[in-house]
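So that you can tell them apart, the chains are marked A, B and C in the order they are listed, and the count of residues begins at 1 in each.
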Amino acid sequence: MNSHQMTNSGKLRHFLTIEGLKQPLLTKIIDRAELFSNLLNRNIKTIPLLRGKTIFNLFFENSTRTRITFELAAKRLSAEIINLNIHTSATSKGESLLDTLHNIEAMHSDMLIIRHHQSGAAEFIAQQVSPHISVINAGDGCHAHPTQAMLDMFTIRRHKNCFSDLRVAIVGDILHSRVARSQIQALGILGVKEIRIIGPKTILPANSQTLGVCVYHDMEAGLEGIDVIIMLRLQYERMKSALLPSAREYFHCFGLTDEKLKLAKPDAIVMHPGPINRGVEITSSVADGPQSVILEQVTHGIPIRMAVMSMLLGSKSE
Amino acid sequence: MNSHQMTNSGKLRHFLTIEGLKQPLLTKIIDRAELFSNLLNRNIKTIPLLRGKTIFNLFFENSTRTRITFELAAKRLSAEIINLNIHTSATSKGESLLDTLHNIEAMHSDMLIIRHHQSGAAEFIAQQVSPHISVINAGDGCHAHPTQAMLDMFTIRRHKNCFSDLRVAIVGDILHSRVARSQIQALGILGVKEIRIIGPKTILPANSQTLGVCVYHDMEAGLEGIDVIIMLRLQYERMKSALLPSAREYFHCFGLTDEKLKLAKPDAIVMHPGPINRGVEITSSVADGPQSVILEQVTHGIPIRMAVMSMLLGSKSE
Amino acid sequence: MNSHQMTNSGKLRHFLTIEGLKQPLLTKIIDRAELFSNLLNRNIKTIPLLRGKTIFNLFFENSTRTRITFELAAKRLSAEIINLNIHTSATSKGESLLDTLHNIEAMHSDMLIIRHHQSGAAEFIAQQVSPHISVINAGDGCHAHPTQAMLDMFTIRRHKNCFSDLRVAIVGDILHSRVARSQIQALGILGVKEIRIIGPKTILPANSQTLGVCVYHDMEAGLEGIDVIIMLRLQYERMKSALLPSAREYFHCFGLTDEKLKLAKPDAIVMHPGPINRGVEITSSVADGPQSVILEQVTHGIPIRMAVMSMLLGSKSE
């Protein structure tokens, strides 16, 4: 799958999944995001790197946070961005997805940001588009959410210098989380010392061994000695399907409280991709506490997306 | 309440209410709007004052006119503006208002424009945001709509030189009107000679005396010698609650007709915040007649909002 | 009707219909689109011709493709563009269409793009607006869609040098198609050798003779010797009204297949305004085949709309 997202000369053409990418490339993305982040903090908010480029936000699934950070990233690179909620538009006239795509291509578009409820949608679209168009996966079904994983890696590196010393725990519904899948891949490529996944048996993946992770069903044990705690959002939809206990019982076993947080290293950081269900997967005192970097993650979404966008559209002229 | 919107050095930090502001500040806003208005008329439509700033239009209540004039004002100051209809977005995932706000803050935002159906919403939000973020109240419940009041003051000054000579009548549902509350405060601060409020007893405020206004239930008497007539929009929602007679009866008593208009001064101007209910609070021949400045009010919304926005974001660097 | 869209000095003030326009003007639009198209291909995507101008996309009827190409055209000319879906906005407060229009006028707007389900809506609006505002008809009922017709003419000229040598066939529901009406007028003005309309009797106009077209109910006969085939979209709404046979039967008689395409000239081009109903009015192998220019039509929508916009807003200063 990874061959699709690289050019023959080894540059990024699309950004669909973390799987198969090499450590130097991930580091390059983080380094470039660091550069953009510094520019933004120096109040230089617009950079003409993508002037004249046209980017489409194609959201088949709603996500305000992700859509807006892509939109802001595009604007800060001086690109034009068109937001398109596909639910409410062309397909209502019975046009097929492929025809919609080819029409958008024909409007001089340079990049498509795809959010879709089906796994593989961004990959499918990337296979269909013309050679000059880049596709970014902004979340597809249970499969991948690579820019989220990269902004998480950027956030970790800002707090912890060396990935190879880190023990990272991911807590929650790993089985259905595209965020967790992409995070596990990125953490593995960046060479952390240990990745633990913590959750009830019903929502942990069957192939944990091949993922290179250690499985814990006991959160207290799993948090011991941990440097980075990544809480996942509980999908209420899943709860109805009897895979999960009640929200109250879930919080009792796997919710992050001040008490459980003390089991991790004293300087452990707490992450969450948002939106938070307070009192379900995390208590407010932890979410808003000194070890939380949750809002930094949101902020870092902008320079990370600027980094990926500029590398994709830059690769064609290089 | 006014202390929240001023910095210690006496500059505007937020713009939440007219209450408690001083006359020189209101005059400064109008003067600056005059400057921007002249620039716009000289076809200089974009000014780089807010280049690189990010402004969010957070509308919890629909308002096309107000949203668009804020959007145009932001664009003419070269700021980025993101429109967010909160009904249809993040909160649908169960995220709390405060979490939504903190996420928007984390996206490098510099200013939030808030429209909300609950009185006090903008004030509440202003208390929560980081020090570098400014909040503008674009209408909260029955409480305040300060930029509407300022565009009305700007419109009045363009037609009538000196506030201290003016008699102003506000006609309609004063009790529930955030527009009227803000107008009465602004007219008082700018020192008009007399403010009259005209309407049925059921929809006039109980504390008229403390407001510094004269109350009339007879429109003919109330309009005598008036320089400025401000008609309010009749909220049909209120009519259902039996506070008001039928639309027809209301028009008979408090609708502005050509006959009633003759009771005011010959050069009186007629204002309305829009949208108009023709034949309910005003007749078409008056709304479209030579004394009407209703569409000028819409036009003036842009320079007034530019003035407030630039003063808020300028106050931090001054 | 055409007098409304021209200034006294013979320049375009509005763009409402092709009817009554002269050949040099249509050629000038196509020439200018050619110029913009070349600029876009040389990666010069933004031109400051309309800097500081404010354009409103007023869509009373949904159309993603048309809305976005107008939006991109405006942005590439450096204008501000405000999208307004009228269904969901001001009119929900009971404001009349005219009041909405006058409010938008008052917001310093320079141009209104109107899409409306009623024939004559754009013309009506053009009669109401102030002298400094231009109106573009982006499709009104069954009446006209002049920018679509012009992008089709541009597409034809790119493939066929001389209009006077061409035989053009339009296939489908001519009676209800604003696209077909505008195309027939444009083709007539540009002086093609022959225009044929092909379709079932129930959906061909009664006044075919006065339109200057030849009528065919037999598609095989109608395609013989044709240079340009324009397929129309089948409106499913019409089918319910018993004007049309089933989709299957329609495809059998009037759907464009490889076999039928062979009856036209070997270098005939195939056009369709989109969105396509594959397997109803056209088969996929033709729509995606070497003679199809359907996606080029989409691309050409941008320079054509840039051409019309710049001519309208340029005419006032000339």
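The rule we apply is simple: a contact is a pair of C-beta atoms (placed from the backbone, for glycine too) under 8 Å apart; a residue touches a chain by one contact, two chains touch by 3 or more.
Here the structure is a predicted model, which is why all the values come from computation and not from measurement.
Taken chain by chain, the contacts link every pair, so each chain touches all the others.
Shared numbers divided by all numbers used gives the overlap of an interface; between chain B and chain C this overlap falls below half, so the copies present different residues.
Separation between the centroids of chain B and chain C, computed from CA atoms only, is 42 Å. Under the contact definition stated at the top, not a single residue of chain B touches 2 or more other chains.
Chain B contributes residues 40, 43-46, 62, 64-65, 68-69, 71-72, 75, 236, 274-278, 295-296, 298-299, 301-302 to its touches with chain C in the complex. Within the complex formed with chain A, the residues of chain B that make contact are 51-54, 80, 82, 84, 89-90, 92-96, 99-100, 102-103, 105-108.
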